[in-house]
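The next part holds the structures, each set out as structure tokens.
Look at the two complexes coming up: subunit A is in both, with subunit B in one and subunit C in the other.
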Partner chain A sequence: MRIRRLLAMATKETRQIWRDPRSLLIALLMPFMQMALLGYGVSLDIKHLPVCTFDREASQNSQALLKRFQASEYFQIVKVAGTYRQVTTALDHSDCRMAIIVPPDFTERLSDTGASSVQAIVDGTDTNTANIAIGYAQAVIGAFAANVQLQATAYQGRPLQVLQPVALQSRVWFNEDLESRNFIIPGVIALVMALVGAQLTSLTISREWERGTMELLISTPVTPMEVMLGKLVPYFVIGMLDATFCLAVSVLWFGVPFRGTLATLFLATALFLIVVLGIGYLISVNIRSQVGAAQMGVLVTLLPTSLLSGFAFPIDQMPVAIQGITYVVFARYYITALRALFLKGSGVLDLAAPLAAMVVYAAVIAFLAARAFHKTLD
Partner chain B sequence: MNTTDAPDTPIVVDRLVKRFGAFKAVDGVSFRIGRGEIVGFLGPNGAGKSTTIRMLCGLLRPSDGRARVAGFDVGRDPERVREHIGYMSQKFSLYADLTVAENLRFFGGIYRVPPAVFAERMRFVIDMAGLAGRENALVSTLAGGWKQRLALGCAILHQPPILFLDEPTSGVDPESRRRFWDLIHNLSADGVAVLVSTHYMDEAEYCDRIALIDRGKLIAFDTPAALKRNFPGGDLLVIECDALGAAIGALETAPRVHDVAAFGNTLHVLVEDRAAAIAALQPYLAGKGVTVTRIEPIAPTFEDIFVQLVGRKEAA
Partner chain C sequence: MFERIWQIVIKEFLELRRDKWARFRLIVPPLVQMLVFGYAATFEVYHVPTVVLDRDQTQESRELISRFSSSDRFDIVRVAQTDGQVERAIDRGDTTVAIIIHPEFANLLRKGQSAPLQVIVDGTNSNTALIALGYVGTIVDQFSADYAADLMRRGLLGPHAKPLTINLETRPWYNPDLNGRWFFVPGVVASLTLVLVVSLTASAIVREREVGTLEQLMVTPIRSAELILGKTTPFFLIGLAEVALVALFGTLWFHVPFVGNPLILLLGTVLFLLSTLGLGISISTVCKTQQQAFASQFFVLNPMFILSGFSFPISSMPVVLQWLTYLNPMRYYLVVIRGTFIKGVGLSALWPDMLGMAGLGCFLLAVSILRFRKSLD
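Up next is the complex of A and B:
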């Protein structure tokens, strides 16, 4: 390998990126748009869930209960129904996700038997939201029930006492407020890097074939290694700049805590970039049309990164066979490392396992990429 | 030019074969090209010109036979071959989104032209291509003649002793073609061996030797003068007359006429003996109602030669 030829390749490639609006758009604008879209768009928190109420008793008691729903930031009462038909219609039209129905004998049963019930009808089409909504509703009802009991004992002149013999005192570590954004954003960085990285390089070789410049290039003494490195080095620099940009947006704009060290972050990012750039390059070598290469790039990076990396769906909740597949999805290691870096402040030693996996991955991809390109028209 | 490391016969082609599946694109081609020699590669599209040149550049692996370029085997040692050649491919293949100077700097870097020499080489190429003042123009904005001279410039930047030019003048205006051939002659004078393919038959005149290729087979390899001298199959006459169509029909069945072909509004007629034919054909055509305004011997063009050589092969 000759540095002179490598430099000539890298300079040429950089100039071409600079003059190609499409490359520039992918390199600079896409990370920005994706961070904004995914950072704001993807949230697993449930706040202001639209609720429909149907108060069949219309007593002071029942209203007090419903007020608690109104007061909670998790729910928002969007409809007060007067009939069951209105409740079903509201659910059918997705005007609300949950309906709270207070029975006509709510207070009566409470004072007679000391126990009463409230009906909640939940739209189960989105199971995740439904589960969380039920949990929140139970919490609201539980707080109300505790209050009722407290008042009852007070009337009977008995001393106030602790009602729960055993109570759970929970404390959340790493993501103290359970902000799903803190969990999602590091994943978004991986998603952006995977997409941008593969998109950029998946076109470099196919572009030369399509424009006819490849025939001349391979008639020169340039070696496949020089072609590969000369083409990938500029994109590596762009990728690292993009990563820095994504990090800045995450911390400064979205307020995600970053507790690790920058050195570890850049080490993990560099390894990840080698893998995605290498995969893009491999695609480019094997698919000679730019359109085909771009599509393949999306297929092998975006899909596994968004579905099988633990970005949105926890890997340990997947069926065992699928869990096995995720070990091949390189993004899972990067996402694991990023989350640990951002939220736990893990160091290199804590991240030895995912980093080692990425080193192996990067080495394999680099090896395959270096051998992929042949200087022949055959 | 730095040609000291080239052997006396820089290009030696020995029974070269290239198959694409069942199709033989190049079928046992052999020839040699010496230092400073310009060899014109003539033949119709698909005859195997580009395939042969690509094998000699190490871009395609020969299916059979051997070729040595600059003393290196093109099948076994293509990388060493590439260090000693300059190549202009059939399709324009410089970077259109780079400027003239950026393209030259790129190829200067790829061929590792020593920095001390590079400025002078770049000046030389820019002057040669007539691109002074356009160094910073994007290549996509250049007209055909300039593009083609720049492509030649990029191919000779590193002073290779061997040049392969695949239809370098196609789609270029006649003035630029003329100028291009002057440049090739200058290179040849410096000792560069040049194999240049073309489908312009008139360009054959500019070459030291002609290689005629048809359907993968080399059908002639000689100097232009010798090819004309040994024109196969008889004498050539040119006939001007009215009723061209009727004349062709009549001549095809005329005695001692081997071939008739239309060249614009004249006919080229291949006959056994020119004196006898001139005497016989005018009355013969008059008898068929064709008035001849001109009938005389003519020197064969390369198109005539090519048609005859290909026709004879077909008959054989």
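Up next is the complex of A and C:
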């Protein structure tokens, strides 16, 4: 291997990227677009969920309860129904996602027996939203009950102690406000890197075939190893620049806390890039048409990265067989490392397992890629 | 005229039959994606790995812990002896929830005082954390209520007020068990149809231009409207077949119910296909090579997918993005497909979405046909 030939190869590839507007578009615009789109569009938080109310009691008490729903930022009362039929219609037409129904004997039962109930009909179509909405509704009702109790004891003039045997003190670590943005955005970085890396490199060899420059390349004294390195180094540099850009946007624009060390982040990113670029290169060597290579690139990198890496769907909730598959999805390790670096501030030692997995992966892919290119025409 | 259109349709099908890769693409990836999505796409929270630090070691504390371990929401995977062990388990991500029981837990309870219970949740995955916190609350409240009732029954309760309780009776409609697959499987049908039809249409026309056969077509007596009709009809039919295949597979394999009227779904699918065909043709008029067509699909389809409500609720997006979703035919189709699969609602509920798709579809088709004519000259 000669450095001079390697440099020549890298220079040629850099010029080719620079002169190909599409490559530049992918390299520069794609990260920007993806960060904006996913950073804003992907949110699992519930805010202003449209709610319909049906107050069958219409008392001061029931109105006070419904006011609490209105005041909560999680709910927004969009419809006040007068009949049960209106409630079902509103749910059927998706005008509201939840209906709160106060029974006619709500206050009576509360003052007589100290126990009453409120009905919540939830649109179960979106199961996750339904689940979270139920949780928030319970919190609103619990707070209301406590408040009524407080007022009642104050009114009676005897400061009675309210029995609540266990006082739950829950604390959330790492993502204290439970912002889904803090969870999603580190994953978006992995998604962007996978996308850009695979898209760019999957074309690099097939382009030479389609443009007929392959024969020229083969007739030069450059070795397969030099071809691989020379072709991948420019993309590696672009990838690292994109990663830096994504990191800056995450922290400065979206305000995701970064608690780890930059050195560990760049180490993990470099390993991830080697794998992604290597896979793109392997596809490119094996599939001669550019379209086929690009489609394969998306199929192999983007789909697993978005579905099986824990990006949005938690791996430990998947069936065991699928969990087994996720160990092969290299993005899984990168996303684990990224989240830990951003939110937990983990060091290299904490991340030994995912980093080791990525080193092994990178070594295998680099080995395969180095052997993949043959200087023959068929 | 019909004769000429028919010839083009036959030609397209012949081309498709000879293209092995295209046939493969029509059947295998959709089914694989349906399987992966059906199994992997879940926001449900079961068997959360939990660590317990019981500093009290009494009957009461063990009773509380057993309530966690007997729930299928939590798996107690570790019993810690020190605070440090708890901290490490959460730091390393081995456990998501930590339950720490105060040394005076039972003492305080027996005296009728409030006993603190500390729970730490790893908030990295905000969604899991939020839902897990809800389950922790339910279990602890139940324990608390049972204990209070027990104290009262044994007459051990001092001058305490009886706690007021308001029970929230939750009724999830349409999906009583809140099974996540019912949410995702119809969505996958929609997204697969979108991707397949747009990419097939775009690449078919661009391929013809790239290979140079588009000029040959132009010297035949066919008119451009006929040509477009002839070229899109096969993809329209393929789209319908694809929806039928994937929907059937999804419902049978994952036992997702179909409670609505199939004719309404058919109507919605036809309207949705209008938009996707229009999009495909529009892309083909802008791009010169298949390679470009593929890349631009990416820039169009990805935002459509994210901004459709497929997995992330539209109501949680910033308002500007919410407006943008109205320009997205997939948004409407998802409402229709979920409405017919799961809710079983009819046209009276779905007409705004049908109208939205029809409007967008006509607009996109009209624009694409105009552009296509121009690109022919």
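What we mean here is this: the second predicted complex is superposed on the first by the 368 of 378 C-alpha atoms of A that agree within 3 Å, B and C clash if a C-alpha of one lies under 4 Å from a C-alpha of the other, contacts with A are read in each partner's own complex, and residues count from 1 in each chain.
Here is the rule we go by: a contact is a pair of C-beta atoms (placed from the backbone, for glycine too) under 8 Å apart; a residue touches a chain by one contact, two chains touch by 3 or more.
None of the values given here were measured: they were computed from a predicted structure.
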item	value
Simultaneous placement of subunit C and subunit B on subunit A, clash or fit	fit
Subunit B versus subunit C as contact partner of A:Q16, first or second or both or neither	first
Touched partner set for A:Q63, first subunit B, second subunit C, both or neither	neither
Touching partner for A:Q86 - first (subunit B), second (subunit C), both, neither	neither
First (subunit B), second (subunit C), both or neither touched by A:T261	neither
Which of subunit B and subunit C A:T244 touches, first, second, both or neither	neither
Superposed model, subunit A: greater residue contact from subunit B or subunit C	C
Partner chain in contact with A:H48 - subunit B first, subunit C second, else both or neither	second
Cα-centre angle that subunit B and subunit C span when viewed from subunit A, reported as a multiple of 10 degrees	90
Lowest inter-chain C-alpha distance for subunit C and subunit B in the superposed arrangement, angstrom	17
Of all residues in subunit B, those that touch subunit A in their complex	54, 57-61, 78-79, 82-83, 85, 87, 89, 91-98, 102, 105-112, 154
Of all residues in subunit A, those that touch subunit B in their complex	2, 4-5, 7-9, 11-12, 15-16, 19-20, 211-223, 375-378
Residues on subunit C engaged by subunit A in the complex (per definition of touch)	21, 29, 33, 36-37, 39-47, 49, 64, 90-93, 109, 112, 114-131, 133-134, 136-138, 140, 143-144, 147-148, 151, 157, 159-176, 178-180, 182-183, 203, 290-292, 294-295, 298-299, 302-303, 306-307, 311-313, 315-318, 321, 335, 338-339, 342-343, 345, 348-349
List of subunit A residues in touch with subunit C within their complex	22, 25-26, 33-34, 37-38, 40-50, 91-94, 97, 110, 114-132, 134-135, 137-138, 141-142, 144-146, 148-149, 152-153, 160-176, 178-180, 182-183, 199, 203, 290-292, 294-295, 298-299, 303, 307-308, 312-314, 316-319, 321-322, 336, 339-340, 343-344, 346, 350
